[in-house]
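There's a structure below that I have some questions on.
We call the chains A, B and C, going by the order they appear; numbering starts again at 1 in every chain.
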Amino acid sequence: MARRYDTVTFLSDYGLADEFVGVVHCVVRDLAPHARVIDLTHQIGRHDVRAGALALARAIQYVPTGVVLAVVDPGVGTDRRGIAVEVAGGEGVLVGPDNGLLAPAVAMAGGATRAVVLGRPEYILPAPGATFAGRDVFAPAAAHLCNGVALEDLGDEVDPISLLPGIIPVAREEAGDLVTEVLWVDHFGNAQLNVGPDDVEGWGSRISLRLPHSTRTATMTSTFAELGPGAVGLVLDSYGLLAVSLNQRSAAEELGLAPGDAVRLVRLDDDAGEAAVVTPVALPLRRQ
Amino acid sequence: MARRYDTVTFLSDYGLADEFVGVVHCVVRDLAPHARVIDLTHQIGRHDVRAGALALARAIQYVPTGVVLAVVDPGVGTDRRGIAVEVAGGEGVLVGPDNGLLAPAVAMAGGATRAVVLGRPEYILPAPGATFAGRDVFAPAAAHLCNGVALEDLGDEVDPISLLPGIIPVAREEAGDLVTEVLWVDHFGNAQLNVGPDDVEGWGSRISLRLPHSTRTATMTSTFAELGPGAVGLVLDSYGLLAVSLNQRSAAEELGLAPGDAVRLVRLDDDAGEAAVVTPVALPLRRQ
Amino acid sequence: MARRYDTVTFLSDYGLADEFVGVVHCVVRDLAPHARVIDLTHQIGRHDVRAGALALARAIQYVPTGVVLAVVDPGVGTDRRGIAVEVAGGEGVLVGPDNGLLAPAVAMAGGATRAVVLGRPEYILPAPGATFAGRDVFAPAAAHLCNGVALEDLGDEVDPISLLPGIIPVAREEAGDLVTEVLWVDHFGNAQLNVGPDDVEGWGSRISLRLPHSTRTATMTSTFAELGPGAVGLVLDSYGLLAVSLNQRSAAEELGLAPGDAVRLVRLDDDAGEAAVVTPVALPLRRQ
């Protein structure tokens, strides 16, 4: 008997309009009544593996010990593999398709210690069609893990190195500028970039942003409320990255920003030491 | 003391913007703290009893032993009856309005073994208005069933035959064609028809679809990914029915399909035996 | 050791598209595994403190004994205070920002018996940025309360009188008319006014409504179904207030009503005694 788990943390692109998410809950409840299912979100864009992978990577440090069930699965029913990946020596197991969805979260959790390919019929729900692997393959695997079924009993072990990697875009320097990418636009319209405050250390409190449709000067800050009306901020967000933001308005909407867009950060002449003269309202970057 | 239950599976058209769903959870938690509530979905179209009935019927085989709480209730406050319907000799009890919402799920679960009409004041929450029966009538009934209150104590028994039946459209043959109906359009834009692969057995791997706005040739398949870009599929879905689908795009949106639309399936001349010649990429229908 | 709680009832403006709500669930699960989290709603309009306060006030009488976690927090990261407010001598504790969000619910629950300002580092999750107090400050406070941490250990006590009050608009009489305000438009398009049946006692069964874009005669009723096609109702809603409603259609959409809009109720000449003559289908107001 392997370790038992009592929490399944669940993310998908199923949306909430259909009964998909509810049926997955039903399957887990039926097979592992003691397990609690936490919904991370089910509104990942349809088939948007990158967005799902990023959401999971952001959340993973808060996910309780247990099983993660993640399904964004455009290749459902094909020969793409279903996998269960153990991390942190068994503190957690991530279950889902082998399409890069799990990879960034696995990396954030310290890397895979073991992995198996799902597919043993005794752990799969029989179904007339092959289009709902979340219900028929992944949810049962998560539930059986909760019940103490050993990882190696769920499927054949594979070298974690063979799993499809996730692609996280990295910012690059170009002629002294920093070419970044919008990773995520949240519900409030903040556009998270793939750089943190360290990447612009010494640039001063104001930075020029070359956005897809305009160029704006942004103020470095740690709260939205410090931004004046209409002022664009580079706000230190809750994950330690910089987000293009407005106070109580949607920066993404007003500035026309979407995930994947390039944002070029350009150092202003009036940096650091001189900033106080040119921009008397410049705000210090508060580090926490 | 009757049988106790520990799961309430909950479906409604309440949406998630208001606190309706949360308040129902509160009522169940307050009255039956041990019960777990699973949300099937709350985004059934407003007052769309047919859509709610179909969602419940699709899900019911996965719903754990316990109570089902279903509320799509355009007649709330009128003399339409509130009912609790026992199925499978007590394995489950479905609670909701007697407007056909529960009927297809009850049938799928083997039919009603007993039924009562709700209304005993001791099992109803007093409220200033009569518009929120989910909170005041149905949730308390579900909670009291979880606590072991006997079905017959909740209300007067009625002959299950007197309950309003659900109407599930049946496909019909017409001049050798099959006139079907779109039952459901899911989050991914798949349009589920009211026919399965048996209904087109021997028709070959390609079938002509007379859609509301166009005629298309569809390929029978069991996965979305087998479909080429733009190719229309008749995909064997996870409930064993055929769905008009595209790969990673919304068939409903691109072909203009909505629940209730008629889709006429016409047998192509180049069927079965000859298909290989005319359509060299024809895919075999994989049965599972 | 103070009282322990086992339910956290959670409301926010986080929406469900991101993992915000799920991560808050994770934090509570991690710190207080025994606690159940009930989602009231997370679709309060962004930064709409008034709408959040009203939803919480409507729900509070149904919320089980335990902790309420409410986050609509446009001032996150500023010096606005985070608070925990005890009501009913410890039956409940409300946790959230001190911006008026909690105030109407606290009042509905009989007023604050004690309050503390959150901020002790040992009860806060360290985070790189200050923009997600729901995760870092409020959820941990809720979880620690569930675990039996005493209110006074969470922060410095403050006089409840110092907490920011909530603003609930009150209807006023003007030249014999009643000037009301739309408090809430629900999922079904019912526009709840800030008056109940007592406020129009003796006005008869038909009342003239001066709406923002039109004047309509409304029928007092207690069910939607009693309204004929297109007939405007003043329906006694489930919270004991009057709502401008249509049967199975959205009154808010068709009449152009939004929260905050003024609706002037004007007494018709054909009131009470005479109503029966002029309007033979006049419906009695059913009180419950």
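Assume a contact is a pair of C-beta atoms (placed from the backbone, for glycine too) under 8 Å apart; a residue touches a chain by one contact, two chains touch by 3 or more.
This structure is a prediction, so every number in the text was calculated from the model and none was measured.
Undergrad: Could the interface between the copies chain B and chain C be described as same, meaning over half of its residue numbers are common to both, or is it different?
TA: different
Undergrad: Overlay chain A and chain B by their C-alpha atoms and let me know the rotation angle in degrees, rounded to the nearest 5.
TA: 120
Undergrad: Taking the mean of the CA coordinates per chain, how far is chain B from chain C in Å?
TA: Computed from C-alpha means, the inter-chain centre distance equals 32 Å.
Undergrad: Can you list the chain C residues in contact with two or more other chains?
TA: In chain C, the residues touching two or more other chains are 16.
Undergrad: So in the complex, the part of chain B that touches chain A is made up of which residues?
TA: Answer in residue numbers: 6-7, 9, 11, 16, 36, 38-43, 55-56, 58-59, 62-64, 184, 186-188, 196, 222-226, 235-240, 248, 286, 288.
Undergrad: Quick one: in the complex, what on chain C touches chain A?
TA: That would be residues 14-23, 25-27, 29-30, 33, 46-47, 74-78, 126-132, 135-136 of chain C.
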